[in-house]
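Before anything else, here is the set of structures, which you'll find just below.
There are two complexes below, and they share subunit A, which is joined by subunit B in the first and by subunit C in the second.
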Partner chain A sequence: MAVFWLAWTVVPLRVVFDTRVGVAGWTYDQSLLVVGFFVTLKGLLDTFVEPNLRSVVEQVRMGTLDFTLLKPVDAQLMISTTKTMPAKLFHVVGGVGLLFYASGQLPQPPSIGSVIWAFLLLSSGLACIYSLWLAVVSLAFFFVRIDNLSYVLESVLDAGRWPVDLYRGGLRFVFTFVVPVGLMTTYPSLALLGNLSAGDGMLSIVVSFVFLFLSRQIWEFALARYSSASS
Partner chain B sequence: MDCPTCVDKHVIRVENLCKTYRVPQKPPGLVGSLRSLFSREVQQVHAVQNVTFEIQPGERVGFLGPNGAGKTTTLKMLSGLLVPTSGQINVRGFRPSDRDPDFLRRITLVMGQKQQLLWDLPPYESLELNRALYAISRAQFQETVGQLRDLLDLGALLDRPVRNLSLGERMKCELAVALLHRPDVLFLDEPTIGLDVTMQATVRTFIAEWNQRYGVTVLLTSHYMQDIAALCNRVIVIDGGKLVYDGDLGALARNIAPHRRILLRSHTEMTLDALSAYGPFVREGGSTVASVHASVVNSIVNRLLVDIPDIELSVEDASLESIIARLFQRGEGETRNGRQ
Partner chain C sequence: MKHFFRSLREFPALLNVGAASMVAYRAEMVLWILSATLPLIMLAVWDRVAMDGPVRGFDQGKFALYFAATLIVRQLSGAWVVWELNHQIRTGGLSSALLRPVFPGLWFAAENLAAIPIRLVILVPIVLLIWWWRPELASNFDAIYVPIALISTLFAWLGNFCIQWLFGSFAFWLGQTLGLYNLWFGIWALFSGYLIPFAVMPESMADVARWLPFRALLGTPVDVFSNRLPWSNVVFELGLQLFWVTTLGLLASFVWRMGLRRYEAFGS
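Take a look at the complex of A and B:
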């Protein structure tokens, strides 16, 4: 299943590059890196983040979040770490495999330094998605049923399979700063290619911290307005 | 702040507590749904209004009220789940809504309608999870589980998957999990709901035993009056979010239902005319009954026993159910539920 999904992710890329050598300055192999990071990131998200946050929405609706809030442990930590979907780790393996393959196709292999940078930026990307998810979940405290919104977010994240340079104007701004899918996949790829300036890298990490901080604020704001479910 | 050396007489102090929910209203039908997308009407529901009470260490207090009276809302505010709209709460020196970990370690909330046991796993796994969450030492864990196993007669229940347990067995395990960290304030929200008579009695005996052994403070809500009668000397009654009564259960009965019934069974036929000299006797089914004020019961009974040699009589208290029903009726007349 995971192999099929991986192949399916690469198909659009093949179609696009079938008749062209480069798109917006990206070659096929370079774009493959972006897809590799996208698959890895999505795999990590589906394994560790998504199952948890999805269950929070249910807990808010049913009022069983009460028990989580009664524990002498940080509630955000609790709700973010109770569930994992180990099966989705296959996607991570596939994504990493793709990254190795794509790196091997490059004219010169990435340096250790750029690999470390790429890893850091991937982590900051994950932090950004996690924050976005948490913010969306916090809305459940107000609107209860937010399943649809989570699908919207998921579709927006899909934009991360393409290098951010493909997008123009407003979209590009949105994908860099508002829903930073660009940061999540394009920046690590650039880092691996050795094309990312240290300043941009740092900016990306700072942005992820800002996202973590803001989502924490939103979460706490929502928690104070938790109305439980009556029994 | 928490201060173990301070001698605070009260474990729980609640002052002018209010909670107002904002409940969105939707007109019926498709048009109503569309309209509510743009302008939502919000109704204010005053779930708890100006409630004030204090509870001393080791007390067992019954929290009474009809459905929707604000009992659960109050318990949830006391345990820090809900933030009060206004008013002060102090539990063991903490403000519950801060959800200070030290505060959370001292309290527990058991909800008869919701469970924290992990559905597909044996209760022992939930105990282990709580051991980790509350950072309980292995030795203390073993000791507490041993005590709970004895008192609740858990036997092999802890090793069976929760979904294979009966409702009563689940409640026992639920109590075990909730008490594992040895909290000294217990909030019990209808812990006996849906249980059969024997299981209710088991749960009651356990709560009383735990309270006596460890001097824990218990605040209990229940729809079963036997629970309240067996466990609580003191009751707090709220209705429509307002405090209607706070005090001794016996005094409540005397205030609300000052009348007692005298039942006569006599071998000699007595006319109601003859009996009217003693009290307002009437025939009810096969027996002769008079409802009289508690203050004159003794003198009437004495005179009957002296005057009629072979008389058999008994005196009945009004049932707690009927007392509570009467109290709520009276409360409704005064406050007419809290919605505005």
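Take a look at the complex of A and C:
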């Protein structure tokens, strides 16, 4: 299955670069890195983040979230770490495999320093995406039925399959700062290619901390409004 | 069959109920519609590619028209029977649906059709926005194709409905078929023209895809809308579409009836 979806992601890329050698400064092999980071990130999200947050929505509806809130541990920590979907780890394996393959196709292999940078940026991408999910889930406290909102988020994330330089104008801004898919997949790729300035790298990490902080605020705000099953 | 035609008379009433439920769940519906934004992302990508020069004769205006048409056809021909059937078969909700004197398929169909007004409310501003962004798309557009495109879209909806009915009916044996349907959706997206217009596909890919059922479910109406088919081909393409719709319909009704027999055997 993981192989099928990997191929699925690569086919449109292949078709686009079948007609062009380079688009917006990206070659096929370089764009493969972006896809590799996308698949890896999506795999991590599906394994560790999504099952947890989806179950929160269910718990809010059923009122069973009360049991979690009663425990003397931070609720956000609790709800974010109770479930995993190990089967989805195959996607991570596929994504990392693609990253290795694409790195091998590059004229010069990435240096240790750029690999560390890429890893850091991948982590900050994961932090951003986790924050977005947490913010979306917080909305469940107000609207209860929120399953479909998660589909919207997922479909916007699909934009991360392509280098962010392909988008222009307002879309570019949205994908860099609002739903930062650019930070999640393009920046780590640039780091591997050795084309990312330290300033941009730092900026990306700062943005991820801002996202973590903001989502924490939204979560606490939502929690304060939560009327549980009994109250 | 008699069952089916008798319930056809009740269709207007079903439409009314469907419309009412669309109004009640409007927020959820809007989110559903917004989650089908993939054509917009593909438009942005292809537009950037075409900025450096036309791709196999496709310039920015043609891509804009193509993906605007994709968005329209996708929204108008959308069905969600597979989710409904999966849910109803698993929870046993289907039993009460079967007790009603109306064929369950008609009820789902009425729900789909009743959603069209709310889909249009969201669709029209998005299409206008694309038009404003790429005014060139108008020069490729020919209104004379619209009636045929709408007929073709109707066929596409019938096809979508049948295929979802088919995958939904598998739930009689498997319990949960959404994963299977997702797989179908993935292959469909590649070969239907949803991500890659037929005119832009590499020839070897297009030659195969032309004869697969996926094109009938999206590519044909989109190509008619965006003026990509010569008149001499239109009749043939619509005929091919009708062939696939009939095939899928027969297949779906066969599997549905087999499954129903099994379902009843549970004594539920």
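One rule holds for everything that comes next: the second predicted complex is superposed on the first by the 229 of 231 C-alpha atoms of A that agree within 3 Å, B and C clash if a C-alpha of one lies under 4 Å from a C-alpha of the other, contacts with A are read in each partner's own complex, and residues count from 1 in each chain.
Everything below uses one rule, namely that a contact is a pair of C-beta atoms (placed from the backbone, for glycine too) under 8 Å apart; a residue touches a chain by one contact, two chains touch by 3 or more.
All figures in this text were calculated on a predicted structure; none of them were measured in a lab.
Visitor: Mind working out whether A:A224 is in touch with subunit B, subunit C, both or neither, as first, second, both or neither?
Guide: The first partner, subunit B, only.
Visitor: First (subunit B), second (subunit C), both or neither: which does A:K71 touch?
Guide: Only subunit B; A:K71 stays clear of subunit C.
Visitor: When the two structures are laid over each other on chain A, which of subunit B and subunit C touches more residues of subunit A?
Guide: Of subunit B and subunit C, C contacts more residues of subunit A.
Visitor: For subunit A, what residues appear in both contact lists, the one with subunit B and the one with subunit C?
Guide: none
Visitor: What part of subunit A is in contact with subunit C in the complex they form?
Guide: Checking each residue of subunit A against subunit C gives 1, 4-5, 8, 11-12, 15-16, 18-20, 23-24, 143, 145, 148-149, 151-152, 154-156, 158-159, 162, 166-168, 171.
Visitor: Which residues of subunit B touch subunit A once you look at their complex with the stated criterion?
Guide: It comes out as residues 21, 72, 76, 79-83, 97, 99, 101-102, 104-105, 107-109, 111-114, 116, 130, 133-134, 189-190.
Visitor: Name, in rising order, each residue of subunit C that touches subunit A in their complex.
Guide: 27-28, 31-32, 34-38, 41-42, 44-46, 48-49, 52, 55-56, 183, 186, 189-190, 195-196, 200-202, 205
Visitor: In their complex, what parts of subunit A are in touch with subunit B?
Guide: Those in contact with subunit B are residues 62-64, 66-67, 69-73, 75, 224-228, 230-231.
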